[in-house]
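Sharing a structure, written as structure tokens. Questions coming.
All chains are identified by letter, namely A, B and C, in their written order; residue positions are counted from 1 within each chain.
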Amino acid sequence: MKVLKYMLIFIPISFIAEFMHASSSIMFILAALSIVPLAGLMGEGTEEISFYSGPKIGGFLNGTFGNATELIISFFALKQGLFEVVKSSIAGAVIGNVLLVLGASMLAGGLKHKTQTFNKKVVEVSSSMLLFAVVGLCIPALFTHTVDVALLNTRYESLSIFVAIVMIAIYILSLIFSFFTHKDIYSADIEEEGLTAKWSLKKAISVLVISTVLIAIESEFLVSGIESITKSLGLSEFFVGIIIIPIIGNAAEHSTGVVMAMKNKMDVALEIAIGSSLQIILFVAPVLIFLSLLFTPMSIIFNQFELIALIVAVLIVNRVSNDGESNWLEGVQLLAVYFIIAASFFIL
Amino acid sequence: MKVLKYMLIFIPISFIAEFMHASSSIMFILAALSIVPLAGLMGEGTEEISFYSGPKIGGFLNGTFGNATELIISFFALKQGLFEVVKSSIAGAVIGNVLLVLGASMLAGGLKHKTQTFNKKVVEVSSSMLLFAVVGLCIPALFTHTVDVALLNTRYESLSIFVAIVMIAIYILSLIFSFFTHKDIYSADIEEEGLTAKWSLKKAISVLVISTVLIAIESEFLVSGIESITKSLGLSEFFVGIIIIPIIGNAAEHSTGVVMAMKNKMDVALEIAIGSSLQIILFVAPVLIFLSLLFTPMSIIFNQFELIALIVAVLIVNRVSNDGESNWLEGVQLLAVYFIIAASFFIL
Amino acid sequence: MKVLKYMLIFIPISFIAEFMHASSSIMFILAALSIVPLAGLMGEGTEEISFYSGPKIGGFLNGTFGNATELIISFFALKQGLFEVVKSSIAGAVIGNVLLVLGASMLAGGLKHKTQTFNKKVVEVSSSMLLFAVVGLCIPALFTHTVDVALLNTRYESLSIFVAIVMIAIYILSLIFSFFTHKDIYSADIEEEGLTAKWSLKKAISVLVISTVLIAIESEFLVSGIESITKSLGLSEFFVGIIIIPIIGNAAEHSTGVVMAMKNKMDVALEIAIGSSLQIILFVAPVLIFLSLLFTPMSIIFNQFELIALIVAVLIVNRVSNDGESNWLEGVQLLAVYFIIAASFFIL
């Protein structure tokens, strides 16, 4: 985690570069390097605040701010009309969490602890919820790809809004489920921590505000550079959206997952990966659809690559969570699937 | 359940309307409202008879008559050559049972009882059987959609008949399994009831005969009205087949499922939903294919929407049955998937 | 198993027929009948050697030679440029193992022993590994079928090689997993056998060498006859590849699976079916891709029928392995799915 702190140096560098009119591609790279530690800081700030706010509001804050970086980057991409980037980064965040983060966690943890166990029940609740959420989100797209698209374009907007409303309703209901009606399922996790705040409330809030502002600025640099970086490196916008942006937005979270797995807290590592995917689908995706109404309405119709990747990822996480155990070979297999997907996207 | 009895008033109303040459759309609505309580009566009649016939024949009667309404409606649709309506109502009955009925049962039961448990073993047998049955039924269609259709039309008839024979053979074998070779798995369920007949055998048989005859008459009204109701409400025949007809045919069953869940008999609610889906696939679908040979042979090639809906429904029920527990949030998720599917079909 | 020995008579018959310039179709049939017992002999030879080599090398030998027949037949098909036959026989070997062999084992075993149990943990490791492997192998094809193929042909070669490297790496890692880091999971199985060698080491090696040479010769007869047998029987090359060749190559293994199930050793039957499928995907498929570089590079892009069959088979085996139990009805269902697939391929 300390390495991340040193990366903060890229923030002033990116400002100087912008001032000196550096090329868009360079701005993309510098912004990417700046966002990684900022996302980490934002996560830390949220966690500190939750010590003061109590577990309920804290859980809500963590849930909502956990993917704030993703949301801010997507907001600027949306503003520029880069719908394909936005949609592919939603799918990419899910597969990144479920294959890359979980794979790396299981590999790192498994090498150190042989066979790791986790609370099957909690993970089953989340992973079956992820199945529902992905299925719900994908149904409009699954139907669309079998129909004449031109004919239906206008109707898709209203279908997308309907799906977005359903998703956000389930998000709110799931918060009620975990903080009110069924909070006992989760209690074990929270108690065992027993930590106290390192920062004062004032510092925590300041960090949160400043990192949010800086992420917003850097995201604008990043998004402006997408077009030129795709040209200069010969990548597709789709590849940037589905592989690169999710890694930038989630790097801090990823490292936490791996650290937890190495401490043999596989439950926490799984909750990070699956919980973060759930928030992307139930909260970030619908919010982006609503935000898009400010500019040009964005439909929630994923392309077929995104669909396949999403469904594959969800089937695998449901299988993995099934037996309450993990080992290094499972980690390798998850990573292998991720790299095969990434390589396939790369050659497209 | 009492509300259903009051709905019987729609039978004479529909007869008067027919006599007064009411429009087809009005006949459709009146017939729909009449079939709902008649299907309920038929179910009650079958159950009463099974007290006299003993559990084996009773189980067989329940299984066979459980979807009689569906079968009768489809017979008349078949006679009129409405193949698309017939096929979509088969798929619709499965997704209705697995998503709508089960979702409503889990929601209603979960709100009252927090976490409900069920016999994992029995449900696993049925739900994995449902997976097999759906996969078997869908394979011809899955292959078809990737091939030039014109070329193969004649061959599909024989493939459909082959699949129908396999399905009905498995249906018979599954009856042998549950009533002879492995009846001990199911014994617990049956014993715990310990009820006695409310009706005399004569009354039960009369009710069964009369309700069957009336359903047949109303089904003819219903089917004749499909064309005009789709026009006047701007719905597609496909939507009528996949959403509306299954609700009409299964409303009585649905309400039983919810009532059982609220009595904390989640096993029974699950058996109604999954068992009814199984009968649709293993018994109703093949019988309809055989019956179609009397008119124009119908192939068992589902369209891609039906395939997706079927496979999604089956994957979800397999996931849900996996942990032997249910709660209100799972119910909400099942309902959400159902409504997203219905909304997608609606805009098609 | 004794019947197999008598079939060795077809070897001299096939040689005489070749000498007498019999038609290619007859050579195909005679070669098929010769390969069945030879594959059985090769399996026996490998097993005998493993008594002398110790369990680690023995396990490796069994794994590697277990699908040697498949590999040799495919090598000659590759040499003749019959890519479609090679690819469909890879998919066919997996579905044959998972549906036909497992189905027959569960049916035969279940009729004798009612409900059979197996070590859920070991089977879960293999079956979830099979899910990963199939998903990894299918991803390039899944993406391909949604893109303009002409555009990308050259790039697919490098993607195929990348996937092949990943697969073989996972194969090696899985050997390390089962023989070194996690060998305790599997220990129970091996100990319980407690058998000794029937043959001298010299005899075992001789049998292995001779049967390999004879299989190679017969495979050349077989492959040369594919074209004329498809014409004379009106079958497609695809049907020969996906149904007939896998049955020829695995008949000996199949009979072992059924015998083990009847001895109530369901663990062994499952390991044969799933383990053999895993070797096909992780070892045979990549080796064939590498070998194809000697002639014309073969891509690993399955067609859509193969994809559907593979994914269906894997989903089913994951479902079946889930509860640690099997019965005759599950066996019937697996066989039913296999026959429906075979019938669909037949009419294509």
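Operating definition for what follows: a contact is a pair of C-beta atoms (placed from the backbone, for glycine too) under 8 Å apart; a residue touches a chain by one contact, two chains touch by 3 or more.
This is a predicted model, so every value here is computed, not measured.
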Ask   = Any idea what the CA-fit rotation angle from chain B to chain C is, to the nearest 5 degrees?
value = 120
Message = Please tell me whether the contact surfaces of chain A and chain C are same or different in residue numbering, using the over-half criterion.
response = different
Task = Averaged over CA atoms, how far is the centre of chain A from the centre of chain C? Could you give it in whole Å?
result = 40
Inquiry  = Can you pull out the residues of chain C that are in contact with at least two other chains?
reply    = 322
Ask   = Residues of chain C touching chain B in their complex?
value = 114-115, 303-305, 308, 312, 315-316, 319-320, 322-323, 327-330, 332-334, 336-337, 339-341, 343-345, 347-348
Remark   = In their shared complex, chain A is touched by residues of chain C numbered 121, 124, 128-129, 131-133, 135-136, 139-140, 142-143, 146-147, 152, 155-156, 158-159, 162-163, 166, 169-170, 173-174, 177, 181-182, 318, 322
